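Right after this note come the structures.
Both complexes below contain subunit A, partnered by subunit B and then by subunit C.
On to the complex of A and B.
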């Protein structure tokens, strides 16, 4: 039987301090244009935590509104407020910066993460009030250090400073004196990624209503790498996050594929469960520090707030078929292969049309397509356009070519079968998976039959190949009942045995009569 | 199509739009000379 989506967690961590000090656009600017206007002006474009929470796309991401409700909000979104916005949603939360720094400190296993004593004291109770934060995590938060010690570590270049409301409140120290793979910058990025994953795992467990002990395997599909000089991508983020989240019965591994990572990982998780190797698998993707403020220069130039102020994270729990949850159909997989080529019709054909055709379906049989779900509020001012819309146009064009749609239906396709983007530009985070939680709900509520999740990855950024990559899969209504209603192999054997017995008996009867 | 004939062309394709190699094939078929082609990710 197909494996099912048991639950999911979607979290944002508001981290303007990390954005202003560690985002790659900002760190690059400090090198190439240290006296430029952007660095002088950017501080004025940081929005408050309250504004970040009241931002429509963020409320959709954590599950307080369906993407279809966002469609009705007039674009742009940054100057509109979500009424009665909440920190918590059915899928997760938007964690304030101070609490997130304490959570990240709890993820440190090598005494490299320092927070100032007073800062810890001031905010530990706030973290403790979070309903998903466990006693074990709180116990890992240390009492803190003297500010003078932190200042010394930062000023002599041994550590990256951590800033809260423009004040130095902590630092992340290098984990090796000369190994660049364990530098302070890398340790900071990796620990923040790990902490955001932990938060998403905790929310996914709550959403699915399962115990941490039920999880047997974790797959991390982020875009960070952890290791040392001899194995720079050794891993394993999955098991590291599982440890802090209290998944004591789980092992795990990392799966990578740039932004396509989550879709690959979801297929792997579904296959592991369907094969019976593990009963419950969690797919996790943590936040990406360098991408904070990535389009900030354009946002500042156009007088907008710097909208990339949150680390994104997700966790999806895939488990054995329970007879009711939405399931992953591994018979309908889209795949961009080495031989597919780069022509747009081949790309969309391999990911969308080919798998549907193999299953005897068309695009009209899929209620919603979830490709790259980047928030256009962030990408449009930066000149990158509306990414989800670009994908829907390509899918619709191919559907017309196939004769599945009339030309006149091109415009309405994106509204009927598409979604508006609402995910932060955190690389792998917006790639297909943000809609898995909503897809499960809508399918289980009988509002939808099928949703296609499409992941695409820019492999060429790693300079190992010029290829790009992509995979897709279908989430559908639970079919366990149909399968149970069908005749099993065992029953067929019994039927044949009975028929042969009856036949033998009838021959014996005929012989006796003769 | 003759607007590209004999011209040197620099191509920057978009992963979520038209990839570089696809534009390159079109340019070459129209007689243009591609001096640089790449596909970029804008997100």
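On to the complex of A and C.
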């Protein structure tokens, strides 16, 4: 039987301090253009936590509104407020910066993460009030250090400073004196990624209504690498996050594929469960510090707030068929293979048209397509356009070429079968998976039959191959009942009886002929 | 334009001579195509990459422009580009590219 989506968690962590000090656009600018306008101006373009929470796309990401409701909001979104916005949503939360720094400190197992005493004291109660944060996590938060100790580590160049409201409140120290793979910058990025994953796992467990002990395997599909000089990407983020989240019965491993990573990982999880290797698998993707403020120069130039101020994270729980949850159909997989080529029509053909054709379906049989779900509020001012819309136009154009759609239906296709983008531009985070939670809900409520999740990745960034990549899969209504029906004992008995009757009749006929 | 790509374009221009180079773009929007075209002609407008302040003036076209389409085997074009031709705002891209070429290209024969 197909495996099912048991639950999901979608979280954002508001981290403007990390954005202003550790985002790659900003760190690059400090090297190439240290006296430029952007570095002088950017501080004025940071929005408040309240504004970040009241931002429509963020409320959709954590589940407080369906993407269809966002469609009704007039573009651009940054100057509109979500009424009665809440930190918590049905899929997760938007964690404030101070609490997130404490959570990240709790994820440190090698005493490299320092927070100032007073800062810990001031914010520990806030973290404790978060309903998913466990006693075990709170116990891992240390009492904190003297500010002078932190200042010395940062001024010596041994540590990366952590800033809250423009004040130094902590640091992340290098984990090795000369190994760049364990530098302060890398340790900071990896610990923040780990912490954001932990938060998403905790929300996914709550939403699925399962115990941490039920999880048997974790797959991490982020885009960071952890290891040392002899094994740069050795891993294992999955097991590291599982430890802090209290998944005591789980093992795990990391799977990588740039932005296509989450879709690969979802297929792997569904296959592991369907094969019976593990009963419950969690797929996680944590946040990416370097991508904070990635398009900040364009946002500042155009007078917008720097909208990339949150680490994104997700966790999806895939488990054995329970007879009711939406399931993953492994028979309809889209595959961008080595031989597919990089032309957009080949890419969309391999990921969308080919798998549907093999299953005797067309694009009209899929209620919603979830490709790259980047929020256009972020990408449009940076000249990258509306990414989901570009995908829907390509799917519709290919459907016209296939004869599945009239040319006059091109425009309406995007609205009927598409979604408006709402996910933060955190690489793998917007890639197909943000809609898994909504897809599960809408399918289980009988509003939809099939949703296609499409992951695509630009492998050239790693300079190992110029090939493009991608995979897609279908989430559909639970079919366990039909499958059980087809093999029920009663049914088998009837089939055998009918076969014997037919056989006897054929012998009688032959005798009669003779 | 990606910093690494800027470096490659600059290196090619030095190696083969800017007059012998044609840059072919595949950007999905007029604005993005224009920015990339400006980068390889007038220099990086974002002041971030190796082409900052470098006015290469290279010949540059978008793959959907008629001048370039003529150069292709029609069957290959149909197979590789026709779907995107249906999707993109080709007029907008052509206008943007024409403007940049008129202003900054140094090697266009009239």
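Simple rule for what comes next: the second predicted complex is superposed on the first by the 487 of 514 C-alpha atoms of A that agree within 3 Å, B and C clash if a C-alpha of one lies under 4 Å from a C-alpha of the other, contacts with A are read in each partner's own complex, and residues count from 1 in each chain.
Everything below uses one rule, namely that a residue touches a chain if its C-beta (ideal position, glycine included) is under 8 Å from a C-beta of that chain, and two chains touch if they have at least 3 such contacts.
All of these numbers come straight from a predicted model, not from anything done at the bench.
Engineer: For A:374, is the partner it touches subunit B (first), subunit C (second), both, or none of the two (neither)?
Structural biologist: Once the two structures are laid over each other on A, A:374 reaches subunit B alone.
Engineer: After superposition on the shared chain, which partner residues are touched by A:456: those of subunit B (first), subunit C (second), both, or neither?
Structural biologist: Touch status of A:456: first partner only.
Engineer: Which partner chains sit in contact with A:397 here, subunit B, subunit C, both or neither? Use first/second/both/neither.
Structural biologist: In the superposition, A:397 touches subunit C alone.
Engineer: Output check: A:384 vs subunit B and subunit C. Expected answer is one of first, second, both, neither. What do you get?
Structural biologist: both
Engineer: Now for A:28: first (subunit B), second (subunit C), both, or neither, which partner does it touch?
Structural biologist: In the superposition, A:28 touches subunit C alone.
Engineer: Answer with first, second, both or neither: which of subunit B and subunit C does A:344 touch in the superposed model?
Structural biologist: both
Engineer: Across the two complexes, find the residues of subunit A that touch subunit B and also touch subunit C.
Structural biologist: In the superposed arrangement, which is not itself an observed complex, subunit A uses residues 341, 343-344, 383-385, 390 for both subunit B and subunit C.
Engineer: For subunit A, which residues count as touching subunit B in their complex?
Structural biologist: Within the complex, subunit A contacts subunit B at residues 259, 341-344, 347, 372, 374, 379, 382-385, 387, 390-391, 425, 427, 430, 456, 458, 460-461, 466, 468.
Engineer: Spell out the residues on subunit C that touch subunit A in their complex, using ranges where they run on.
Structural biologist: Touch list, subunit C to subunit A: 28-29, 31-32, 35, 46-48, 79-84, 86-87.
Engineer: Please output the residues of subunit B touching subunit A within their complex, sorted ascending.
Structural biologist: Spelled out, the residues of subunit B in touch with subunit A are 13-22, 25, 38-43.
Engineer: If we count contacts the way the header does, which residues on subunit A are in touch with subunit C in the complex?
Structural biologist: The touching residues are 28-29, 32-33, 36, 297, 341, 343-346, 348, 383-385, 390, 393-394, 397-398, 400-401, 410.
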